[in-house]
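Just so it is clear, A, B and C label the chains in written order, and each chain counts residues from 1 on its own.
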Amino acid sequence: MKTSQPIDAFGRDLSQEVKESVYSSSKAKYDKRIGALNAGYIAPDSLRKLAGQIKQHTLENLPSYLESAIGKLEANGAKVHYAKDGEEANATILGIMNAAGATKLIKSKSMVSEEIHLNAFLENNGCESVESDLGEFIVQLDHDMPSHIVTPIVHKNRQQIATTFEKMGLGDYNDDPTTITRRARTYLRKKYLEAEVGLTGANFVSAESGRIVLVTNEGNARFSICANRIHIVLVGIEKLVPRDKDLALFLNLLARSATGQQLTVYTQFINGPKAPDQIDGPGEMHVVFLDNGRSEILAGEFQSILRCIRCGACLNVCPVYRQTSGHAYRAVYPGPVGAVLSPLLAGKRYPEFADLPKASSLCGACNEVCPVDIPLPELLLRHRNKSKLEHIQKASAGTPPLGGWAVLCSTPSMWKSTLTLGKVMDYVPMKLVPVPAVQAWTQTRTLPPFRGGKFRGWYKEHRKHDSGNNQ
Amino acid sequence: MIPANRIVGKQVQFMITCLCDTFYDHVAQASVELLEQVGCLVDVPDGQTCCGQPAFNAGDWESARKVIRHTLRTFTGDQPIIIPSGSCAHMVFHGYQLVFENGTDAEKEAARTLAGRTWEICDFLVNGLGIQTWHGRFDGKISLHRSCHTRGSNTYSAALQLLRSIDGVEILEFDESEQCCGFGGTFSVAYPNTSAAMGTLKIDKLTAVKPDLIGAVDMACMLHLSGLAEKQKRPFRKMHVVEILLQALRNAPTNPPVIHS
Amino acid sequence: MDQQCFLDNIRAAVARNAKPSPTPLPEWDPAMVTSQLAPDTDSDSASLWETFCQRFRAVNGQTIEGIGPLIALLLNADAKHGYLAPELNGPLAGPLQNAGITLESAIDTTRIDDYAFGITRAAGIIAETGSVVINESSTPSRLGALAPWIHVTLIDANTKVFATLVDAIKDLGDEPYVVFATGPSKTADVEGILIEGVHGPGMQICLRL
């Protein structure tokens, strides 16, 4: 069907295969999440609210929490850096590598590094940057993009992966998932041992202790700070939590929301460079705090999106994501969280992404699953309002104009006469005025018979009858 | 989001909703009759039109404000306002407050007051009037669609509670009950492919358990689902929950009593 | 960018968005965050161990008691050469070597695949989650606890036993590096199929002496 919205078109043209795998994996993760939350708690909803409140409080007091974390990190022996945007962050990381004479970097899964396109930057500057998360590694080999923030290759099947491995010289064609995993294990082991620098993100940073908390199931974040000399943590400023004790709450929620686990396999708490008598592990630790548009978000009506802990639950439950896949959202963060965040992170290029917030029926499922209770539908609505005020064509494409309808709806005499005359058919929402909208409706749906004014007629009679009885 | 201590009482105002005003008059009629059965005096303010949601959801808050101001003027007084739609009730609770975020104090106050009087009809029966079980009989296996905008409100649980208490009613469990019907107002025409795919999936799930009918607390979802189903030549029997409740009373062995809470 | 400018930006942003009613930092009770899977608060050490074993097995960890079963397990897995943390030589080196198993006390990264197993001490265990606590003081070589296919952690009288995740976090202290390992390394990246042993151990064993 013809459509003027790119996400709708992307979903329409998506292969049945990809659609099926996105749909079934989302559904499976949704079910596992519910199972894990209910197995753990009588009232899991109260944990979401609590976590949301803690994060909201943290954002409202971010400067002091950041100062506290910085102080602790420095006292623990880490060097702290500050990057206003991606460019500065990339330059800082390259600077650290250059100063140490390092050219090889192994990277644990980090959405922020995707955000600033670190791999491409380092490669252009003569450094090697290897992804170590299995999914991210495959995406890197394929020059592809992750399509989900937790499970980056839900859009690929084993045959595609096997073909890539064969092409890249990782063995003959073999699409057995175990073989694929073992081959990656062998290949990446060499990379871990060769790398001088390990780069990770951070799931949480405790303001109280400066502790960096990292979770992975595969163990790549452990291996990335094992055999190398230098550990770089790249972290968005919104990752702070006030106290160490809060980590228990967030870890319980994150694992359950993301993958339906009670706890992620490896939870690492990093409090500085390795202990002096430790044989292996980085003796040098750098923490790069990244702003990249976040302070701008902090200042405005979209602030609560910064509570996000990147669990992916809102993607998994979203009916639009399920139909269209992560790549439809054309950015690092897909799904409902991406629809809110991507236009903001785009800065001056906001209009390019102004259609994203339209990719929602506003059903509210995303808010219902969000472990930090972000009012995602409300934020989507705020974007729509903003785009309308700024006359951004990309957002309004396909949406019928409602000015005339508003006049009708605020003029009762007009409303009533159109009801009885049946003219309302040209105005009421579902048959919205301009012809394309009518077509878009009627291609796949019928309209029920028009019965405008019938109820009012009945009610008048009914009241007459009633008052007759009463006399 | 729903204000605490909303106004209760048996002198009520009824909000028809634009969909019942144009297509589903029988649902509005059943609602009024039902309210009268439970002892309410129902007034239907004549000047009412639409709650303003289509424009609000489309992002045209200026147009939405125009319609909302009209609604605020139309529903004067201090009686409870009863709405046969979880979605329009949600609009009053949430949308009305949002669009006046930067408005005058008077506007904010008016929006807050209206929310404090607003009830979706099932919510009103159970949590307003305190009716815990329903009288009468209705024979049927029902797939009850959980209309999305009843999230965070008492509507869905109230509807379930009442339906479950009726002799002869069987509520069916079906897969993916949390998923949306795909309507979403202007979303249905701006994202025609995605919307239709969502709705088709929803119909699959609702009908897979072989219900006698599909029930809803919102005619917007029904408009979409039945429109799709008809086009796909697999129409189903549909009823708003108030129609089921009214029918149950009429099926009662004794004459329908006036239910007092 | 220097710290001052960076923080000033954020301060200005927060100030621009000052809320009429700021969100307070909520206090919470450990009982609220602790799951129903945790042992009762008054559990004795036997039932804590019992719960740990249950939870650890639920995440595909294995628990064994005594050196005999350890030797059987290693031989059964054809793991005849591995890493043993030096401070565990006392209880373990003799019996293992007698069974024909050869040991090294350091990891040579040029022969990383030579180590079929690594045996290190567990700093603690967490009953609620079935996790093993690994830290710098208990584990002199990070690689020894990570690179081999089989990782065995020794639980003895010195191992701390935490009832809940909340308790374990409370005890993090000044340790520069702590890992809670909850089962073998795993992935479901390929078509959602669970595969164990991605980068870390494919077998995670708890040995109680």
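In this section, a contact is a pair of C-beta atoms (placed from the backbone, for glycine too) under 8 Å apart; a residue touches a chain by one contact, two chains touch by 3 or more.
Since this is a predicted model, take the numbers as computed values, not measurements.
K.L.:
Which chains, if any, touch chain A and chain C both?
P.N.:
Looking at chain C and chain A together, no chain touches each of them.
K.L.:
Which chain has its Cα centroid closest to the overall Cα centroid?
P.N.:
A
K.L.:
In whole angstrom, how far does the Cα centroid of chain A sit from the Cα centroid of chain C?
P.N.:
So the centre of chain A lies 29 Å away from the centre of chain C.
K.L.:
Indicate the whole-number Å distance between the mean C-alpha point of chain A and the mean C-alpha point of chain B.
P.N.:
32
K.L.:
Roughly how many whole angstrom separate the Cα centroids of chain B and chain C?
P.N.:
52
K.L.:
Got the chain A residues that touch at least 2 other chains?
P.N.:
Chain A, residues with two or more chain partners: not present.
K.L.:
Chain A touches which residues of chain B in the complex?
P.N.:
Counting only chain B, the residues touching chain A are 16, 18-25, 28-29, 32, 44, 46-50, 52, 54-64, 66-67, 69-70, 74, 94, 98, 148-149, 151-152, 176, 178-180, 182-199, 201, 223-224, 226-228, 230-231.
K.L.:
Would you tell me which residues of chain A are touching chain B in their complex?
P.N.:
Where chain A meets chain B, its residues are 1-5, 7-9, 11-12, 27, 30, 317, 319-320, 323-324, 358-365, 367-368, 378, 381, 383-388, 395-403, 405-410, 412, 415-416, 419, 424-425, 428-430, 432, 436-437, 440-441, 443-456, 458-459, 462.
K.L.:
Any idea which chain A residues touch chain C in the complex?
P.N.:
Against chain C, chain A makes touches at 21, 24-25, 28, 39-42, 46-47, 50, 53-54, 56-57, 59-63, 66-67, 70, 76, 80, 82-84, 88, 132-135, 138, 151-154, 157-158, 161, 177-178, 180-182, 184-185, 188-189, 192-193, 209, 211, 217-220, 222-223, 225-227, 237, 242, 244-245, 247-249, 251-252, 259, 261-275, 277-281, 289, 291, 295-296, 298-300, 303.
K.L.:
Within their complex, state which residues of chain C touch chain A.
P.N.:
Touch residues, chain C against chain A: 1-3, 5-7, 9-14, 16-17, 19, 22-26, 28, 30, 32-33, 35-37, 55, 59, 106-107, 109, 112-113, 129-131, 136-137, 140-143, 146-147, 164-166, 169-170, 172, 174-193, 195, 197-201.
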